[in-house]
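Got a structure for you, questions after.
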Amino acid sequence: MTVAMEGFTHLIPHAAGHEIIRQGRKDLHVVRMTPDVVFDQLIGAGCVRKLTFSWGGNPGVGSLHRFRDAVENDWPHKIEIEEHSHAGMAARYVAGASGLPFGILRGYLGTDLVGRHAGIKTVDCPFTGERLAAIQALNPDVSVIHAQRADRDGNVQIWGLIGVQKEAVLSAQVAIATVEEIVDTLSPVPGAVVLPSWVMGAVACVPRGAHPSFAMGYSERDNAFYQGWDAVSADRDKFREWIQTHVLSSADHAEMLASLREAGDILV
Amino acid sequence: MQKCSRHCGKLETSLSDTKVTADDVMIVNAARVLSQLAAAGRATCFVGIGLPSTAANLARRLSSPPPILIYESGCIGSKPTRLPLSIGDGELGDTADAVVSVPEIFAYWLQAGRIDVGFLGGAQLDRLGNINSTVIGNYDSPKTRLPGAGGAPEIAASAGQVMVIMRQSKRAFVEKCDFRTSVGFGDGAGHREKLGLRGGGTRLVITDLGLLEPRAGSCELVMTHLHPGVTREQCVDSTGWQLQFADDLKLTPAVSSDELEELRRVQSGARR
Amino acid sequence: MTVAMEGFTHLIPHAAGHEIIRQGRKDLHVVRMTPDVVFDQLIGAGCVRKLTFSWGGNPGVGSLHRFRDAVENDWPHKIEIEEHSHAGMAARYVAGASGLPFGILRGYLGTDLVGRHAGIKTVDCPFTGERLAAIQALNPDVSVIHAQRADRDGNVQIWGLIGVQKEAVLSAQVAIATVEEIVDTLSPVPGAVVLPSWVMGAVACVPRGAHPSFAMGYSERDNAFYQGWDAVSADRDKFREWIQTHVLSSADHAEMLASLREAGDILV
Amino acid sequence: MQKCSRHCGKLETSLSDTKVTADDVMIVNAARVLSQLAAAGRATCFVGIGLPSTAANLARRLSSPPPILIYESGCIGSKPTRLPLSIGDGELGDTADAVVSVPEIFAYWLQAGRIDVGFLGGAQLDRLGNINSTVIGNYDSPKTRLPGAGGAPEIAASAGQVMVIMRQSKRAFVEKCDFRTSVGFGDGAGHREKLGLRGGGTRLVITDLGLLEPRAGSCELVMTHLHPGVTREQCVDSTGWQLQFADDLKLTPAVSSDELEELRRVQSGARR
């Protein structure tokens, strides 16, 4: 099963990632442009068979140690990686959301990213003869996002940095959103995108479901958590203990946040 | 008298810190170039995290008109009053002229040729300005797995010019990259054109030792400027290819006290 | 010279069209998805050498008589037409705005629209082998839009039905906006698109510059004008007289609106 | 007793107008089909101007859950409380769940297969459900130049099913269209699949005389329903091809007084 989880520097669906770990899902093909801490956790917890991505780091901090340990040392097991650029991934979601089998792009040509997997080819412009990169459409089985609000009908509203979430939802077979809040009516917000309820498979209310990422208008980014993750994830045992203590021993996200707060690992 | 230090700038900076670090020299030189471009006309700049963001924000304070900052998170014309903590910093959206989706920023803005300057860094840079930010060693069993491409390949393809900011070392400045994540001049003169890449490629490399630029004809990166106090020998010893120097090798001006003061303000998170 | 004028059922740049007639421009290649009354006027006034479009009618009323007279009877002279579908035109603007030489589309195949001009071809998906329509990018020399507001720096703000205006502006060599109002600061508006000043070639303040179309938040659609246009445009002499009386005898749009009001041809 | 009138419905309608026009019969039948689809599950409907808009808005008032209205101007889930005057009516945007750009409505919503029902009209319809809305006569020197394609070709390509609303006449119901603007079943069975068109094609034609549907196997449009008071002879005389009738030819129910009353409300612009 291919599961995309999107949110570009904002609204990252961490709570949904923890629930995947809690449910013991294995053998997943996970997709995310920027597999940061949430995917480091999924990889280290052994949920991942294959990772499709375009930038895998801890933003502003450094390496994703679980990601590196999997790629460099096959720990906890070997994972397959499929690597793209941001522009390529974005174009793949756009093609998928548009019902097209491929998209075109000025990029990739001349780089060593070409030829590593079957998803990047070339196409010649039938008008100018120019050779361009052709990228395969992305249509995940499931896409998961975190959003600010939904109304009682399930219409989902996102604002601020909107990233690639609309395309992730519209390219998927089934789309799931966790939201900060469920309201009676979605009042208009400048810069907001609304995804109508009939394109959503499920909506769940999970306040602070993006932590340590943020939800504009609801929470701030927990920069200290990202910094602290470096030491936790650098060590296999520390990582396992952290997952056990905070994720597996918590029944849900509220309990997990309480557990982090108790451990002093969360500042807000 | 300024001394070029190779000391890492990761310590907490304070407004009164008058010691000029290697990072400071790179940031100030990057900000100067960006300011000059902005002063000469419009300069739209695609900004990543880290040193480029600091340089771009310093340039915004030093030049009039300031450069126009564009972030891959979709923020166009951000005017942060303090240094953003990440490219997802709310301040970038709040102060932007427009916020667009990630697909749009890459298609309508970068790919369409609306970006004048793109800053890039990487783990390896080769003599033809190509960049590696993917792996050290073999791709399938890497010695070091790096974060990967991100926005770099298309910035390198489509930005009017690319400025690379990297510390100069034999390990990083290599004859040939282990992996070509982003194309500078590819295999040499004419290769960009053959690939159909519309941007200008790696036009300037800003290091802790000086500046490198591509030589007309060969596109090979050569030292065109040294920072004050840096020797040719230092440069040669810190480069993995047989480094050439421009006939009219110049010195970069020392970091001025005004520049340093403003940089410290930026780094301290002071609002403008 | 190729001049696109966009605004889909809203914010149609009528005042800019009248100024083209007033300046006696000839031999233009004009482009518009829905060449309604404004292009009927340009065609009848003899400004147009070639028309590229996807739907040419008087919405809710019927025919564009000047357009039909030109195509059916070469009056006032023969015009060339290049015909697309809405989806095709939209994709052409998207490709143009994206710096791509072409775009792809599920559509056109099996229709007689294919083969009438060189702008519609096919391309085979390099992944699935499916045959898709390929459309040529559109990059007008000039694109003209009407928007609600600009600030003093020239940043332009549009809201409501936003149509294809962003793509029209970003695909053009030079973009021009007429606006209802110039303000000190563009306060955020839900659903608004902002085009930064540095992609605009010129911005002119022309209140009610969309009449008889409308600008959400500023004016209503003048439905009676659209209905009345049917009789004016059905007759060559009446049309010429109308253009002379209202467009050519007015120095600018304010005078033109006054002239229409005096004639009882405008209700608001 | 209802009488099918071919009188044009363009006169001003009033709430007390109890005469059922040809347009009324077409609108009510279209609204019924849409209501049935909506009641059977979700029905997203791509709505154009004119009769389809009236039918879709009538269906919104008659069925629960109502169909979801999508307009090519970019309005998704509009819930107008009065009949919109044009597809640019402000009411459509104000009451929509989301308003998107024109490129997006065609790419992400129509082309991606998110539209269940598309209403189309035209100047000519042929026996294989293909539609002409471009020219009568020769393309290069047409007898009558029509408005052209608009959104129709891609609605015909991608909508789950297409419903055509047209008055039946020899002039309009032709053996072969002068110009194929929108593909119904193309040259016959299997042609849509060969062209790679993902939508279901012309599944229902609603006329002032009755309903036509494609015959399994040949895809030829045959009369499956007559409106009350209409004869087979009338249908044959109003069709430019050798019209066939379904073996189990049915009658559509007469327009009820409730339907007519609600339709008159819609047409009068009354708010709901």
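In this document, chain identifiers A, B, C and D correspond to the written order of the chains, with residue numbering beginning at 1 in each.
Everything below uses one rule, namely that a residue touches a chain if its C-beta (ideal position, glycine included) is under 8 Å from a C-beta of that chain, and two chains touch if they have at least 3 such contacts.
What you are looking at is a predicted structure, and each value in this text was computed from that prediction instead of being measured.
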If a chain touches chain A and chain D alike, it appears here
C
Please tell me whether B-C or C-D has the greater number of C-beta pairs in contact.
C-D
Report the inter-centroid distance (CA atoms only) between chain B and chain C in whole Å.
42
Geometric centre distance via CA averages, chain C-chain A, whole Å:
40
Chain C to chain D: how many Å between their CA centres?
28
Could you please state the distance in Å, as a whole number, between where the Cα atoms of chain B are centred and where those of chain D are centred?
58
Mind pulling the chain B residues that touch 2 or more other chains?
107, 111, 158, 198
By residue number and range, which residues of chain A touch two or more other chains?
99-100, 106, 130, 132, 166-167, 191
Chain pairs that touch, all of them, please.
A-B, A-C, A-D, B-C, C-D
Which residues, counting only chain D, touch chain A once they are in their complex?
42, 44, 68, 76-77, 97-98, 107-108, 111-114, 158, 198
Applying the document's contact rule, which stretches of chain D touch chain C when the two form their complex?
49-50, 72-75, 85-90, 92-93, 99, 101-103, 106-107, 110-111, 134, 139, 142-145, 147-154, 157-158, 179-183, 186, 191-192, 195-198
Residue ranges of chain A touching chain D (in the complex, touch as defined)
97-100, 155, 166-167, 170, 193-199
Contact set on chain C toward chain D in their complex:
8-10, 33-34, 53-57, 59-60, 63-64, 67-68, 71-72, 83-88, 90-91, 93-94, 105-113, 116, 130-132, 160-164, 166-167, 191, 213-214, 216, 220-221, 223
Which bits of chain A are touching chain C when the two form their complex?
99-104, 106, 118-119, 121-123, 125-128, 130, 132, 134, 136-137, 188-192
